[in-house]
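Below you'll find the structures, each written out as structure tokens.
Presented sequentially are two complexes of subunit A, the first with subunit B as partner and the second with subunit C.
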Partner chain A sequence: MASKANRPDLVVDGKRLDGRAMDELRQLKIEANVLKNADGSAYLEWGRNKVLAAVYGPTETQPKHMADQTKAIIKCRYQMAPFSSLEDHGRTGPNRRAIEISKVTKEAFENVVMLNEFPGSMINIFIEILQSDGGTRAAGITAAAVALAGAGIHMKDLIYAVSVGKIGEHLVLDLNMKEDNYSDSDMPMAISPRNNNILLLQMDGEYTGEELHRAMEMAIEAGKTIGKIQRDALRSVYTNVAEKYESV
Partner chain B sequence: MKEIILPGDLVSDKPIRNSYTYIEDGKTYSMVLGTIEREPLSIVPLESVWSPRIEDTVVGIVTSARNSVYEVDLRFHGRSIIIGGKFERFSFNVGDVVEATVKDIEEKRTIILSYPRLLSGGTLISVKTAKIPRIIGRDNTMIKQIADKSKSSIIVGKNGLIWLKGGDIALATKAILTVQEEAHVSGLTERIKKLMENGER
Partner chain C sequence: MEAIGDIKSGYIRELLSKGLREDSRKVSDFRSIKVAKNVIENAEGSAQVDLGNTRVLAGVKVILGEPMSDTPNEGTLAMSAELLPLASAEYEAGPPSPNAIELARVVDRGIRAGKCVDMTSLFIEEGKSWNVYVDIYVLNYDGNLFDASCLAAMSALACTKMPEYENGAEVREKRVKELKIDNIVTSATFAKINGGILLDPNGNEENAAAARLTVATDGKFIRAMQKGLSGSFSAKEVEEMADMAMKKHDELKRRVMGA
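What follows is the complex of A and B.
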């Protein structure tokens, strides 16, 4: 897809292609409870990514043989819309990549959702990528966490995800599509901010041990900003109603 | 308005048992999106999933009727059934709206209902289950006020379905939906009173 021969200069004068510093996030905007018919939902814009996440459940497990009588199961469907990307993402239904991302997203949430409370049931998470520009799995997890909290599902924490990559000797936070294609390595992580547990870690490319530690620190630092935006999105649903009557 | 807490927020440095918190390393954390009062600790979830309790009144729709066993759709993630029999007087058809009481819950999954009653005619509306306590109000005050002023008969199912019949259904529905929307904002009772008297806010 991207070869070293036609690689553009990703870092010029200490700035990245879109003018960001190495540890700077793209602009992030989240709106909670956007879909009326879902139990919980969130719309997220992260740079040029546009993501819609919806949560239904807990509901009766379908198909029935998948039900676990001791705990709830989580089903996740990550999907890119056919019009989401410049390339062929999403054009032919679920593919290897979409199935993989659905699986890792599901496993990240299995660590924080209180599954024992609804035995035999299933919780459905749908992540639709409407427009993609790199880092959509991180965007999907960040949006789905807001949707789950908005659905009233008991969780240990409001998790977030972000990626850290490497361009030459630089470690860069939150890669966009171009950086992702041409970077030396890329590592999306999902983190539970309460205790900084890593719930998802995937890596393309190579890091030294020392770089890995620095990358994790960058992600945890960025998580403070992401977490605040997630929380504000959920809070504003209720404070907006309150503001009509009270001066908060 | 009250302070809002989110999943993972620290509730207390000490371990405290509460339906909406969990304890880890001797500290208490929230597991819901809700409002909190710290002294004394009370957490009211803003969103929730209904978990049935015995004696709960529920409203549902009959989805199958076979051998005097009626399955009822309560918007619940498990099964809910009414067991009939030779000595019972009721019989329902698929699609009937019924009111019933939770008699037993088996392993958090199967609800056994008793005292079923057919609700014929009327309107069914669906609300968030987290707001049901507020719609009913302390000692039924809220729902009584709405029912009295609109002259409708209203049955509130704890599972989030509300059945209304007769009177000014539009006004009663509007009042209920307003309670759902504004449950966390103080002065609600006054606003609903005004709404019921003037027909608008």
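What follows is the complex of A and C.
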């Protein structure tokens, strides 16, 4: 959102630079259970984003003093790989941005994971951004939801996340990095599609009340597409198993 | 401690179910607000804010430095927050906690997105700029650090006097020129308790809250938002809170602008 002085034309003839319509998602692919050691995992490609999410647990809480004897606790670590961005070489380890994203991601999942089923235990969510192209926190949450489901952890809902931004007078769904850099607003949201409750909401830029209303509508509508891809990823784990047996 | 907290939360919920708050406020009321400016003379700008029993001090230092490589014609603005151990029995010394980082970043986003500080006015010459550091010091915790900190940071910036640049060096003796402020952003933070929503939660109310939303606005646009805690909001609730935050802006802005 830095310098708008030399902003390229991001919208030409009603289309975005990558040819998308304003309310069109980038291509989204999710594969579930991709890591052997993790209890659940998912690999996601969303546009040029490449994200790996893994879930370990429920397991014994470490360190012990963090344990809550009334419910499970969730720990979440979102991190960008040092080689993940086109421009910079990032430092290893979480920076202030990553710590904040980890916190709000954890809070979103606390809403849907049935924590009461596993008192005293912990559930670890690891989100590694291998390649970033805008909207990585949304990609991480969408992947982690599949990883949690794949781990067999009971949840009230399979949540997803997506961002809605503003470029000039246009509201645009699912900003890529270039759009994100030059946009007037960005608002990532995590949503529980069962009741369209908003579990994560961050925003900066400039929205009028009316634009806020439309932006939330766009995010809710996008959930239909994203949710189907998440469920298909989980379903195909078991179809593939079935095919394997058939071929024996 | 936990048992007492649970009992207090139960009390807060019970009150709210009758539309009441423990300090007899309405759900859309802020607590009393006091803003004291220029309380630290050595700092270029400072402000102490009392929001009920929550007390936050913000100090601004303006230091001669270099522009960032991606904005060579602008100075820089950096915001950080410390939850001091003297502010609450719950706070511990050590590296910034996720709560402190979130607090600083949410205040930063509102003020930055609102283009409150004229960043180009901080540019001096090729390779030289004024770098502005805002440090938020939480002195006493009783809920809603977000709005108290936003008010303190904005007020401190609004009364910041710039050092002079003479012969390649910074001179602090005569600080007369004001930091150029283009816009005023204020925030309103809401808590959802038992399905009801209230403004400016105090410490007990925050402990009882399922979800929290901070809305930063300049009265015309919503400039930043941050949802916290594990509860949720409907889209309609978000719109209503954004609307209320815009309505509260003028009242808060007067505090920022006051002497």
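By our rule, the second predicted complex is superposed on the first by the 235 of 248 C-alpha atoms of A that agree within 3 Å, B and C clash if a C-alpha of one lies under 4 Å from a C-alpha of the other, contacts with A are read in each partner's own complex, and residues count from 1 in each chain.
Basically, contacts are C-beta pairs under 8 Å (C-beta built on N, C-alpha and C of every residue); 3 or more make two chains touch, one makes a residue touch a chain.
None of the values given here were measured: they were computed from a predicted structure.
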Could you tell me if A:17 is touching subunit B, subunit C, both of them or neither one (first, second, both, neither)? neither
Taking the superposition on A as described, I'd like to know which of subunit B and subunit C A:151 touches: first, second, both or neither. first
Counting only touches as set out at the top, which of subunit B and subunit C does A:205 meet: first, second, both, neither? second
Subunit B versus subunit C as contact partner of A:102, first or second or both or neither: second
So in the superposed three-chain picture, is A:192 touching just subunit B, just subunit C, both, or none of them (first/second/both/neither)? both
Of all the subunit A residues, which ones make contact with subunit B and with subunit C? 192
In their shared complex, subunit A is touched by residues of subunit C numbered 70-71, 96, 98-99, 101-102, 104-105, 109-110, 112-113, 213, 220-235, 238-239, 242-243, 246
So, in the complex, the side of subunit A touching subunit C is made of residues 1-3, 96-97, 99-100, 102-104, 107-108, 110-111, 185, 187, 192, 195-209, 212-213, 216-217, 220
Subunit B residues touching subunit A - in the complex, by the definition given at the top: 1, 4, 6-8, 20, 22, 29, 31-33, 45-49, 51, 77-79, 107-109, 128-130, 181-182, 184-187, 191
Which residues of subunit A touch subunit B in the complex? 40, 57-60, 69, 72, 112, 114, 117-122, 149-158, 192-194, 231, 234-235, 238-239, 241-242, 244-246, 248
